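Below, chain A partners chain B and then partners chain C, in two separate complexes.
For the complex of A and B:
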């Protein structure tokens, strides 16, 4: 299929919107009517046709506008993209992974022609046709990681593996759920996750690290994570929190359906061949409450999850103050009927709202 | 009383030990203020014959007692920044087998540790002991400016003037804790500052 790319913004007038296609394929993160941390890792080997899991790097209608937003963020704050000196080879690995994957998965949008180290990369949505020499930085306008991640949706953390740990030694981070690459760069897996409540005590990070250290080339993994964002703002960075934090106070019963967004991260993990680094793409999907409510199962379930979430998690995810307003809204879409297991919308089998 | 027991905290927060004498080809000892007491506690005549002390008094009166240990070299300077060129020269000239002892405030320990590791000193050859002030070296996540010796929470960024709260999240690379705007969601609503551990 050919994707119609939206012309939209993730700031100022917030013209971001999801088509009906995008709503139906939204990666709703709750597979049951409650939520608690878990390692919830699975193989990233495709998924149902048209789903966000189908391709290695999902491209959707927001691609072109997201890349414009990334360029704006980087112009304001170049520290959002950093790579420690030993990570350049991993950057080339990542460039290769993305170019190969996208050209194979979306041949109508991307082309990669290779003759030894003489490569030609064609990115039709962004109007790029660039010949360069693989592994020769002088032939690219940016370092290899920055070059390719200016053309790929989602944040990217590139993790060095040594001493039985993972080290956040490079990244492109402009659509993050409130963490700072500039602060966290150089930290190990436990250090950069230090501020997360409850999960350490549950042994989540010890088990997750064990799993990640063993990811093999050609066998990527994935999981979903989520939080809440008022307005479809991609750049919810701590750097700019003093500017966007105030937006969290603008919710009213009238505007919450349009303004409050469920923010879902599709996190994937790929072993890189030359550097043995691990790349951790964190792809952000946004969907307004009112669009989510068009799927009756999701309406019922979101109400129950948000209602029963422990206070620590609602605080950590930054919506404890808005939770009462959210529940007033969401309860209108919960008629108490049971929901089918799994994350899929199940529009054909789940009954319409009975109230 | 120069020793303080820090409350249990998150995994990025540094923990400090107690200096102990080790075998080494040379001993580099860096301390500020009451950190001098940790050096006085660990010093032995054998160690001092190969010891180089860099000390930032910060108004404390330990200089004469440290000199009396008769280290191989002794330097007292007005600030860590002033001591940095000497420290970097020393680390650049360092030989295998150097042992590093850091004592005093978290800001001093963190910065000197970062310098030593950047110079290739293995972390196993670096010991730390906290003494004295529990003030923190804070990085404003918004403007990136560092405010030294922060004693209260919240505090005002010495660079951009935002009201910031003190997190336990710590970067060894920056040798600083993270500080984040406290009144972003309610401008002007800034709680009365309290001591960090009150």
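For the complex of A and C:
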């Protein structure tokens, strides 16, 4: 196998870690030294070799451990996975999309053999070899969406499209940045985005919805979003806020480099062919501040972005109280030199820290 | 890039159904499988007719699960701009053509407990695919199909033979008509209504359903307009800094494309809203033909849908 999978945890002892490979390919979300909302969509049709944008569904060293964490979350709270009755066909669409994509993009890890509706799916990293009948739920241990998203990193919101709107009618959500599928199930696009500050006034959601409604088969799109997480927690859900919220108070100048993580979501959007639904995979990448600081450009830029971010956004993203501590730490990695445009590390051209 | 992605196909079968309607079958030229689609989807067919490229949307009517071939049915329009005449007269088996990925602007509402289809004439085509999709999942549906005469009732015999209990045909020349008020009155809770046909039929169904107290969300309709010919006119495109002429037989959208201006589109039939364009200045009259903009927007002189609407007058400046 080409990928060495980590044995790590996203809870208790937090043994999660990024290899040097994973740090270099981390999807740093800031293309310039400041940040404001935008409908920053682009086509999701590959990207630089080895980047998280290259494949339709990125598989990395955290795959096996993330799937174990998902199973633990679901065992505690089955409502993290829900599918309203009319969304079953969309679930099959999603199963097909992921199986076809992964078997084509990672032939050494995944195999899909199809003879009409008789399918055989082999997932080597998770040790699965399963024959089933496509479109026959009785031949799978779970519904089609649950079955395949227990084997795919990232959260999945499956959106029904009707009445010129999108509806959160199914999903698998265990690695979320403080939102709840159980709360949002059945809501439309404007309803589930209601808590976001500033963006409504800027007309962001009206434009974003128009874009999403027009995503066509064969033309997936993507964008990055980000927030902050103390400790490498995948499950920062409202349901478990009482467990992880308190951890935000444990930051000190000594431990912030290791404990504070930049949390980046690679959000992609695919039109599902049989159901005409839209699937919205939200893939979470975590990187500690101290690992990010090994890339001089990212050190300079992260300090400037966090320093200049409007208070509303720092509040909404949940780190307003820790911002002074973050800035004390990050300022040590900002020597005032200019940064190159774009998100890439540019290690060859960007100078080392000059202080 | 504008529109959906493209697929290179070969015409593999042409079947005249009656005096007006002919069915065309496409397979991928590279021998591969076509994408699956959802019932109600259309494809935009590119027709290279000498110097003119026309792009007309047609509903996919084959089985959505069948990835080997797509079928469309084209009704000949002798008064139109020539797209359907091109398909009828110039396309032959073995020709290579370009079609778009499926786009669905007339999707089934899968929450429905029952799907009630109302078709007029060539409006039967999207229902052909939707019926195949619903049959696959044992869903409940019923079709009421009005056509001019027995001779012009495309697929009426086939539907009646395969689905005798669900299919109801009405022939105009025998003075048969859908008893809509009664039909709506007898529907179980959770029924969704879908209508595809001429504008008069769509308006009749929408208005009747509204008067009978049906929720707006339960009435679905699709009416693709073919762009109509009209007097030539001149347009200034402010962003591209071009002055272009729109000919008698082409749409404003086609004229922009001919001049290399990349204008967004999906349905090319006044329905989807994708090509909505801001008017910067004008002196003259708009001939609005879309059903995307509402009456107030049509009257405002601020927007135009270049896929189907035209202009008569001295000056028109657009934000493109």
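We adopt the following convention: the second predicted complex is superposed on the first by the 354 of 355 C-alpha atoms of A that agree within 3 Å, B and C clash if a C-alpha of one lies under 4 Å from a C-alpha of the other, contacts with A are read in each partner's own complex, and residues count from 1 in each chain.
FYI, contacts are C-beta pairs under 8 Å (C-beta built on N, C-alpha and C of every residue); 3 or more make two chains touch, one makes a residue touch a chain.
Here the structure is a predicted model, which means the values were calculated and not measured.
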{"item": "Which superposed partner A:238 touches (first chain B, second chain C, both, neither)", "value": "first"}
{"item": "Contact breadth on chain A, by residue count: chain C or chain B", "value": "B"}
{"item": "Partner chain in contact with A:161 - chain B first, chain C second, else both or neither", "value": "second"}
{"item": "Contacts of A:192 with chain B and chain C, given as first, second, both or neither", "value": "first"}
{"item": "Which superposed partner A:47 touches (first chain B, second chain C, both, neither)", "value": "neither"}
{"item": "Which of chain B and chain C A:184 touches, first, second, both or neither", "value": "first"}
{"item": "Partner chain(s) touched by A:125 [first = chain B, second = chain C, both, neither]", "value": "neither"}
{"item": "Intersection of the chain A residues that touch chain B with those that touch chain C", "value": "none"}
{"item": "Residues of chain B defined as touching chain A within the complex", "value": "10-13, 139, 141-142, 144, 162, 167-174, 178, 180-181, 184-187"}
{"item": "Residues of chain C touching chain A in the complex", "value": "4-5, 35-38, 40-41, 64-65, 101-104, 107-111, 133, 136-137, 217, 266, 272, 274"}
{"item": "Touching residues (chain side chain A, partner chain C) in the complex", "value": "85-87, 89, 135, 160-163, 214, 216-219, 273-276"}
{"item": "Residue ranges of chain A in contact with chain B within the complex", "value": "79, 180, 182-187, 190-195, 200, 238-246, 248-249, 321"}
